[in-house]
Amino acid sequence: MSPDVEAVAGARRWLAGRARWRWWEIAFWLAAAASFVLLPSRHLILAEIAILGLFALSLDLLLGYVGIVSLGHAAFFGVGAYAAGLMAKHVGGEPLLGFAVAVFAAATVGLATSFLVLRGADLTRLMVTLGVAMLLGEAANQWSSLTGGADGLQGMTVAPLLGLFEFDLFGRTAYGYALVVLFLCFLIARRIVNSPYGLSLRAIRDNPLRAAALGIAVDRRIVGVYTLAAAMAGAAGALLAQTTAFVSLDVFDFNRSADVLLVLVIGGAGYLYGGLIGAVFFKIAADLLSAQTPQYWHFWIGLILVVLVLAGRDRLGERLSALARRARLTGGAP
Amino acid sequence: MLTILFDGVAYGMVLFVLACGLSVTLGLMNFVNLAHGAFAMAGGYVAVTLVNRHDAPFLLTLPLAFLVPAAIGLVLERTLYRHLYTRSHLDQVLFSIGLVFMSVAAVDYVMGSQQQIIRLPGWLQGRIDIAGVGVGRYRAFVILICAALAVTLQVVLARTRFGAQLRAAVDDARVARGLGVEVSRIFALTFAVGSGLAGLGGALGAEILGLDPHFPLKFMIYFLIVVTVGGVSSITGPFLAALLLGIADVAGKYYVPGAGGFVIYTVMIALLILRPHGLFARAR
Amino acid sequence: MTDALATIGLVRRFGGLVATNDVTFALARGARHALIGPNGAGKTTFVNLLTGVLAPTAGRILLAGEDVTGLPQDARVRRGLSRTFQINQLFPDLTPLETIGLAVSERLGHGGDVWRVVGTRDAVLEEIVSIASRFGLIDALETRVGGLPYGKQRQLEIAVAFATRPRVLLLDEPAAGVPERERRALIETIAALPRDVSVLLIEHDMDIVFSFAERISVLVDGALFAEGAPDEIARDARVKAVYLGGATHG
């Protein structure tokens, strides 16, 4: 049977259209680059946003693409932060080396714990991931000869990036570094979610039983993407450690895991930009709110969460994606 | 040694009272309420405020520590929680984390962030000797109260009409409704009682666990462990789990201060993987 | 010649309940075989055992002579055992193009590609299109699956299972819930499946069973109760009794 040439071409066009860069994506990254040049006085908070955005992006790979809920994603953030911190303290040298080691360490821990989330419903996964983060936090607390325990890891010396860019007080190097890492990680994530592998992840998210019946090796895919997400979370942790030259136990905090979940949910899961947009919103809101009511700003974050859920997080997302579909249909017409 | 065991039992008993409400909402109603600790905190603060600022007798504050969180629980259940029973666990988690954040910040704002120390009446202070073992009077008191509560709960759930209706509603809400059980009323009542018990636990435990605005976050994992390890098929499971956890935690902190947390978290993870329905659950 | 699919002494217990009771069964190559039985006879459990959703308590499963008892679902699919589901198990947010593409990519070994954009392999695209035209889905390729009419979704169920190029295809009540006017097309689709695919049909609708099957097995209380050609089964008084008895109990 000779396949319908036109239909094949149509299918190819349609699939290529899904992976194409859209104008707003380019605008988003141009704006990010512009912020580096135009907002030098805001580099410190922008660096924090980029780091949080990367952390949320890593969670999006789990929650948004393969449907794994985690209440302990800070576990990998923390491992990355401590690995980078220890490298800076004991080995010194190039931050990129410390970064690579941190990513590797977080990926290793991710791989090792990924087997714990293969089985079980959401609730089991929530508690297992939470337990892993608590366990690692406890380990960092107890092993104080290495980590400094509750006092935090002190005495980090972070060498200039590439031997050229000193980490300055104004966060210029920090933001540049964080933004470049974020962009590279984003490119990797984007490439992967648009691949056959990424498509199979979405299939697993929607219906793991059916995915397996198509011949997809569900467990292997979950292990793979969990490890990748852990590596990216570790990258975010390493960035935090290197740009602030300090690591404390709060990198493993439940609050951090909860915050990143919130950031992702605010921005919307499952399209990669949610974590980034959520991070911008979250940090700015936190900045404004804590200027008004320092110490109590989590109250407002909590309120946002409650309202968001009651108003229907999913429905909100559906409405947005319906809008996006319509925009695509009208914009994509030849 | 026996003193530690005794302290552990008291600690475990308080954990049981704190967590048993959660074992019903999470275990039976399948609702992930991470804000359970917030109700406990409410009870604790009711008791502390009344005793320390208004010189109310400690015993009299206990019923209030039950009633106030129960009332809050009832109102929240009727207005907010009941809309979320059918939602995904993720939504429930986000919602209840939101409540936790709000309660932590609100209590911090109103009461301050310092640790609250409850002023116990004289007759509950000090130690008594039972068969040569030095026993804290307050801990003995707590054990008695909690044991009585556990027995009452078991009887209510197993023997009364309400217990039967709750079990029916949880088993299959549709069928229960068909049989004339007012499922939503039962759930509301159960939620209120669970919240009230948490509050009572918070009041009783203020002296043993400590009480500050971060209470809901600090003890969330303990409640979850009690429920997970204990399973949900009866009150006995969570009760034994709470006792084990209490003794292990107290003994661990005393004998091997380094390892306590590890053991507890590791056991929890292992159990979740191997026995997702809890250690004491019967296979269905 | 070895059978396409066979079970030897297959048992599955849930607690005290025996859902599959010592079933020894063979599906011949190229068979058009139907498995029937009253509600609760254990048909779905049997399918779940065959496909690897459940692990048997005892017994063995052979796929073209190879023991697959311990293999996970996806490994059995790669060895040529595929199934459809009684209730649609599709991905509502994907399109038929993507859904069939998943199965085709997996079979050709490209499913794990992380660094290649979807839709850039001509071999995969051509096969998707050829399967879609075979199952009447060519015009629906780019529509969200959740928005397709029910009959089209049932067609897609079969198309997706077919896209894994099965040697053995298990059809679990393919016509369940399909409205009358879309039923005809579905039955024709099933009848037109190529002869080198051995088919086991699990079905309630006796019209479909008797128009399709060349051999029928009856499952009662988890055990094989009778097996034979359609006219033998139709004449079998015991089968009739079971069915009438089962029917009165609903």
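By letter and in written order, the chains are A, B and C; residue numbering begins at 1 in each of them.
Please note the rule applied: a contact is a pair of C-beta atoms (placed from the backbone, for glycine too) under 8 Å apart; a residue touches a chain by one contact, two chains touch by 3 or more.
For clarity, every value in this text was computed on a predicted model and none was experimentally measured.
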For this session: Report the most central chain, judged by the distance from each chain's C-alpha mean to the global C-alpha mean.
Result: A
Exercise. Which chain has its C-alpha centre farthest away from the C-alpha centre of chain C?
Worked result: B
Problem set entry | Distance between the centres, which are taken as Cα means, of chain C and chain A, whole angstrom | 40
Exercise. Using CA atom averages as chain centres, what separation in Å is found between chain B and chain C?
Worked result: 49
For this session: Express in whole angstrom the distance between the two chain centres, defined as the mean CA positions of chain A and chain B.
Result: 34
Exercise. Taking the complex as given, what residues does chain A use to touch chain B?
Worked result: 63, 69, 71, 116, 119-124, 126-128, 130-132, 134-135, 138-139, 141-142, 254-255, 258, 261-262, 265, 293, 295-299, 301-306, 308-310, 313
Problem set entry | chain A-touching residues of chain B, taken from the complex the two chains share | 26, 32, 80, 83-84, 87-91, 93-95, 97-106, 108-109, 113, 217, 220-221, 224, 228, 258-259, 261-262, 265-266, 268-269, 272-273, 276
For this session: Give every residue of chain C touching chain A within the complex, in rising order.
Result: 51, 53, 72-75, 77-78, 82-83, 85, 89-95, 97-99, 101-103, 105-107, 110-120, 122, 125-130, 132-134, 138, 141-142, 160-161, 163-164
Problem set entry | Contact footprint of chain C on chain A as seen in their complex | 1, 3-4, 7-8, 10-12, 14-16, 18-19, 191-192, 194-200, 202-203, 206-207, 209-221
